[in-house]
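Below, subunit A partners subunit B and then partners subunit C, in two separate complexes.
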Partner chain A sequence: MGNTIVQVRKSKLVTTLVKQRYLFLMLLPAIVLVFLFSYIPLAGWIIAFVNYRPGIGFSSLQWTGLQQFTNFFAKSNDYIYLLRNTLAMNIGSLITNLVTAFIFALLINEIRVRIFGKLIQTVTFFPFFISWVIIYSFSSSLFATSAGAINETLVGWGIVEEGFNFLGDPKYAWVFMIALGAWKYLGYNSVIFISSIASISNEYYEAAEIDGANRFQRAWYITIPSMIPTLIVLLILNSGWILNSNFEQFYLFTNPTNWERMEVLDIYIYKYGLQLLNFPYATAVGIMKTFVSLILIIAVNSISKKATGRAIF
Partner chain B sequence: MKERSVSGIVFDISNQLFMMLILAVMVIPFVYIVSYSLSSPNMLKGGLVLMPSGFTMDSFKWAFEHPAVLTGAFVSIARSVLGPAIMLFITSMAAYVVSRTDLLGVKFFRKYFIFTLYFSSGIIPMYLLMGYLQLKGTFLIYIIPGALSVFNMVLIKTYIEALPKELSEAAVVDGANDIKLFFSVIFPICTPVFAAVVLFDVVNQWNSFMDVQIYNTMYPELHSLQYVLYNMLNQFSTVEQLKGAGERQMGAITPQTFKMAITVITILPIACVYPFLQKYFIKGLLIGSIKG
Partner chain C sequence: MKELWKMMLPVVVVLSLVTLVACSSESGSGSDSAPSAATQNDGQGDSGNAGTKEEYVIKLLTEATMKQKRSDETEIGKIIKEKFNMVFEYVQTPGNKADKLNLMLAGGDYPEIVSISDNVTFDKYARAGALVALDDFLKNAPEFAERYKEQIPLWKLAGPDGKLFKWEGDVPVDFQNNVEVNDIGVRIDALQQQGWPNLVSTDDYIQFLKQALKDNPTTNGQKTIGMVVPFAEPWGMQGVSGAMYEKGGRYSPAAGNLGVLWNDTDRKFEDYMRNEYVKEGLEFFNRLYREGILDKDSFTDKADQVMEKLNSGRALSVWYLVWGLSETNQGLIKAGNPEMQYINMPIRSMKQVERNEKRLIRVEDSRSHATFAITKNAKHPERIQELLAWAASEEGRLLLQSGIEGKHYTIQDGKRVPTETYLSALKDTELYQQIGFGMFTFLGNVLTNASDGLPYSLSLDPTIRDDLSLTPETKDAYHQLGWANSKDYFLKTGESAHTGIVGAISLDATSEVGALQQKMVDFRVKNSAKLIVEPKTDEQFESLYQSIISEYAKLEPEEVVDEYNRLYQEKLEQVEQLK
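Showing the complex of A and B:
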């Protein structure tokens, strides 16, 4: 009796499999690709625990345990400046980007000439699509100390005696990186805010007008409060990625004169791994970064769920 | 006609002036490089150039005769066409399959893909893997690892789930199998979401620089235009160096006008697809944010 149930179940399974064979065929390339390029590299984490060097045979590999992890924290103080730079620029960018986009969306909503508003949106969204190499090219021609157009103008007008060294001086590094990010992402970040304003029901505004509320009161009591939930959700969700820097941006703008304020975790991993070829150490630092990020994401996700009822998973 | 208070008018004027300022900050870098690249160097006086002075196309002629620029343009165009096409094919099929709730083990497959959004191995294991797979030093390294995008898959799946069920039911009654059902019924009506993910992928492929830097630095024939530009920005600082690099003298140009011309060439394709990008991408972005 029990046997027949198992058999019926089995044959049902087989019938479903046969019936869905085309579906599995369509899914197969995706499964293989994800396995190859996302799961197999995870197995490569083993490198952090052995004395791997390029060209070394598997037989001569030795277990080194957590040595690489303790090296990072005990033997070097690198983590202090790395975390300082990474967090300073990422938190700075997160807040700057959201606040500028919030205010920008609010102000663009008050532009009464519609075509002007559309024009501004079109122009500000464009830099989102250009590469960091292009921005690097802009920056070196506009902000170079002596030959940069901005410094030339400032010196020419007699505003400053000597040009600012935005690209090389560590004291400008953080502000400069945050500003470039704000320039690139302003239009992109404001899209969600603009759509959240657009979704506010007109009835609120009509009712407020009947009650005699002027424009500023309508913005203050209706528009801004309706945008706040979006702001909070974006703030919480984005703070999960706070250890991840834009690799290209920092690869291009980090140089021997400003590195102490510029070098972030991702660049450090690249430097130790692919330039100094210390694969175990670089992998170990990468693993720690991934785990701390994951904990952050899970934490902010549950905070978001509690606070706003919205979550990514 | 609505009431216009004094404070309202003052606000409107200052708001518009502020928006003009933002507009200027956004536009000036582009105007500057275009004007600079179209100017004769001996006419340039320094400072911000907002109009070409001594109009000349010499730097562009030069750039288009430079072998590295031509190779770079070819590589960039090839990857921006092939990459998104293959990505769409594989990703859209997978998205359709995991949108089917009747699929055996559908919950497992969804988790299998989503997991990778939060857990990445990092740069070193990836680098070593590319070596083992012998993808380093090949064009395929630009295409294959990105042929499935889990993020795009989620976007497409969300879109498919919102489609009316009657469409596919009718096709099933007609006796179509799943492959035919997907390509002849579902695929054609997903155009808006496909446009968004494909355009975004085109831009990503065109803009990519890091994969060349990490894997293919040693292979000049595989350098993308972005990478060629990066090399030029760092290499040539004098006219002599340009000549030394096998350039023949052609009109009056300086390394700076040359660099600016390549920068303009690199931006142009993005500017050409921008109207479509803006139209479809905002839609895609909003689909994603509603889900998120």
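Showing the complex of A and C:
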């Protein structure tokens, strides 16, 4: 009886594979790429557990166990400010980016002149294509304390005596990075919300109009609730990346005066792993980051399932 | 037919994707390790007869800006090509050099000739087996062995197992040819306005710059800046913020910018962060910051941005970055602001002035900052070695550093005399590079004298150096200050201090003590900025300094200092055996 059930299941699987063979074949390259570039490199985690040096074979390396993890957590306090900075800026960016994109999509949807709306959407998309190197140059030209255009103007007009040190003062670090990120990704993030608005059936709006709802009420009772599922999905997906920072952005903007509030985990891993060639230490920090991210995404998914009934898995 | 097409489509898609991925990984990798095409030489023959060998093109990574992309576009490069049929392609690589070197090592993607700027990175390359040993080459290159006979034992010491893996540029050095003092570049009109004060102490500079800012609130319509420093450079905060220690006696900059300093008087290494002169230097910067003299953008400015401020004459002074002032001054003359040129002036801390000890002016016996090596990726290392051997000969040195006889110098009474072309090239970077000067430093420039008693690089001749490199305005400035020449004050108040084996000592970066040194450097860099920016009074500075030092002590930096001193003793014995 048991064998029969297994056989039935196997034949069902084979039938599905054959029937949907084209779909699976089209999926195959993506699976292969993910396997090659995301799963196979996990074997490199062994570096965190040995005294790895470039150019020397693995067989002659000494096993060090959890020493690198101990070094990070027990022998230094670096993880305190690193986790604080990383979480503060990433959570801030996540919330700011999603909320601004949400509101922007809502507002774009209300524009009656379609061409104008499309133009606004296109223009806000441009910053997404500008590299962080260019953005840093702009920022330096605009916000440098003594030579920046904004500060020179403010000082020249007598509004302030001395320019604001946006690039160097740690108290501006978080807000500055979040604001720059919001400006850069606004157009890109809003595309997803705009498409979710586009998928709302017109019948709801017509019915609401018949019932006497004004534009604000239609937006509040129809558009926003319809966008919430998209918001939750994006929130869950991005929560897994909460410890990942945009390396380019922080590499350029971190300097000796603002490091206390600007240095994030990825820059720390780069510094110790690639600048100082301490691969084991950097790999250990990276592993820690991965596990925490995994726990976070599972937790957020569960919370969302319990609270709203919606989840990804 | 439709069914057949439906079946074939997914297969075509899969094959296309696989081909795309495979082709992207082969092309456009921008690998600088592979030589260009047309290097099919069988590697036979040991003479410099270019006719028997195919053209060998080697890519060289460079941070310098140059018009020429290949060495055979220069006059000197054409001669090298005729003799050896070797051409060098210059690949500009902006950005952090140390980072790039580490990335290249990690990826095994390093060029055929690698240029390294410190012993730690050299040590990593050597230990990873990336470099070609030159011991056999040495046996067959007597002129190379003779020219660098003092350096070779030190170069062997720097390697992990006593083998020779590298050579260096700008060594050996004759002290009279290279008085290496990088203090403060000061605008000469500001000096003139205050009656040519002889600035020495930190207090002198603070008073001077405060007054100069009052006298010159704006420069060409922009707010004048008191002092600029490129702290954002990788060597900025780490290397120059604490550089006050080298301006007085006792300490020489032989040990580099890591965790320790070299006490030349007591012949031992000491901790960098806790040095009294380093503390005074940070105090000086803090006072400059509090007085609004130090440019607040210094912490985000790289060398390019600092040079821009100097080129516009907007800065009254610059800390340490004085080697580019000749070019800056030429630019200011062309811009119609000759009065805003800069001269290099001395500085000492208050304690250094009080003690009045002779400043120790470094004479490098080895210069890890200009390390070169042949890597395992070199297709024809024997040809590179052949060129290297020739470059160390008298003929090679004269061509590479003095140029072509009859064109760049003539011989009068047995001595080389620079021609007008040579003199023009000193003031014109494009002409200088077109001839090929400065384009072959990887073959080992020397700062010693040729057989005629004059430096190989004629511009270093002390008797004519100022005439060659200074403008009339800057010459007059030194004269107004009462100096006989641009090095007069430094030579009178300093003495040469050879680095010996000190420059060849480094820690294994992957060892525990090496990792500890990295933490010490990181700590120093981060907290130096804090000490410059945060304190609002002298008392606050002192209090913050003490709390930072107690935090620093928890790292147990004595381990690193002790290890350096142990290595020093060990290498003192080793170097005798290697001679």
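Simple rule for what comes next: the second predicted complex is superposed on the first by the 247 of 313 C-alpha atoms of A that agree within 3 Å, B and C clash if a C-alpha of one lies under 4 Å from a C-alpha of the other, contacts with A are read in each partner's own complex, and residues count from 1 in each chain.
Just so we're on the same page, contacts are C-beta pairs under 8 Å (C-beta built on N, C-alpha and C of every residue); 3 or more make two chains touch, one makes a residue touch a chain.
Worth saying up front: this structure is predicted, and the values here are computed from it rather than measured.
Contacts of A:146 after superposition: subunit C is touched, whereas subunit B is not reached.
When the two structures are aligned on the shared chain, A:69 is found in touch with neither subunit B nor subunit C.
Within the superposed three-chain model, A:172 lies out of touch with both subunit B and subunit C [touch as defined at top]. In the superposition on chain A, contact is made by A:17 with subunit B only, not with subunit C.
By the touch criterion defined above, A:25 lies against subunit B and subunit C together after alignment on the C-alpha atoms of chain A.
Look at A:51: by the touch rule set out above, it reaches subunit C but stays clear of subunit B. Judged by the touch definition given at the top, the superposed model places A:276 against subunit C, while subunit B stays out of reach. Of the two partner chains placed by superposition, A:81 touches none, neither subunit B nor subunit C.
Taking subunit A as the reference, the larger set of touched residues comes from B, when subunit B and subunit C are compared. In the superposed model, A:204 lies in contact with neither subunit B nor subunit C. According to the touch criterion, the shared surface of subunit A, contacted by subunit B in one complex and subunit C in the other, consists of residues 22, 25-26, 29, 33, 140, 147, 152, 274, 279.
Listed in rising order, the residues of subunit A touching subunit B in the complex are 13, 16-17, 20, 22-27, 29-31, 33-34, 36-45, 47, 104, 107-108, 110-112, 116, 119-120, 122-127, 129-134, 136-138, 140-142, 147, 149-150, 152-153, 156, 183, 186, 188, 191-192, 195, 214-216, 237, 247-248, 251-252, 266, 269-270, 273-274, 279, 282-283, 286-287, 289-290, 294, 297, 312-313. Here subunit A touches subunit C in the complex through residues 21-22, 25-26, 28-29, 33, 51, 53-56, 76, 140, 144-147, 152, 155, 162-163, 165, 167-168, 255-257, 259-260, 271-272, 274-279, 281, going by the rule given at the top.
Chain contact summary for the complex, subunit C toward subunit A: residues 6, 9-11, 13-14, 17-18, 21, 96, 98-99, 102-103, 105-106, 124, 127-130, 222-223, 225, 231-232, 236-237, 292, 295-297, 299-300, 305, 309, 509-510, 515, 518-519, 522, 525-526, 528-529, 533. Interface of subunit B with subunit A (complex): residues 5, 7-8, 11-12, 15-16, 18-19, 22-23, 25-27, 29, 32-33, 36, 46-49, 90-91, 93-94, 96-98, 100, 102-104, 109, 112-114, 116, 118-129, 133, 144-145, 147-148, 150, 153, 177-179, 182, 203, 206-210, 213-214, 226-227, 229-230, 233, 256, 259-260, 263, 266-267, 270-271, 274, 277-278, 282, 285-286, 289, 292.
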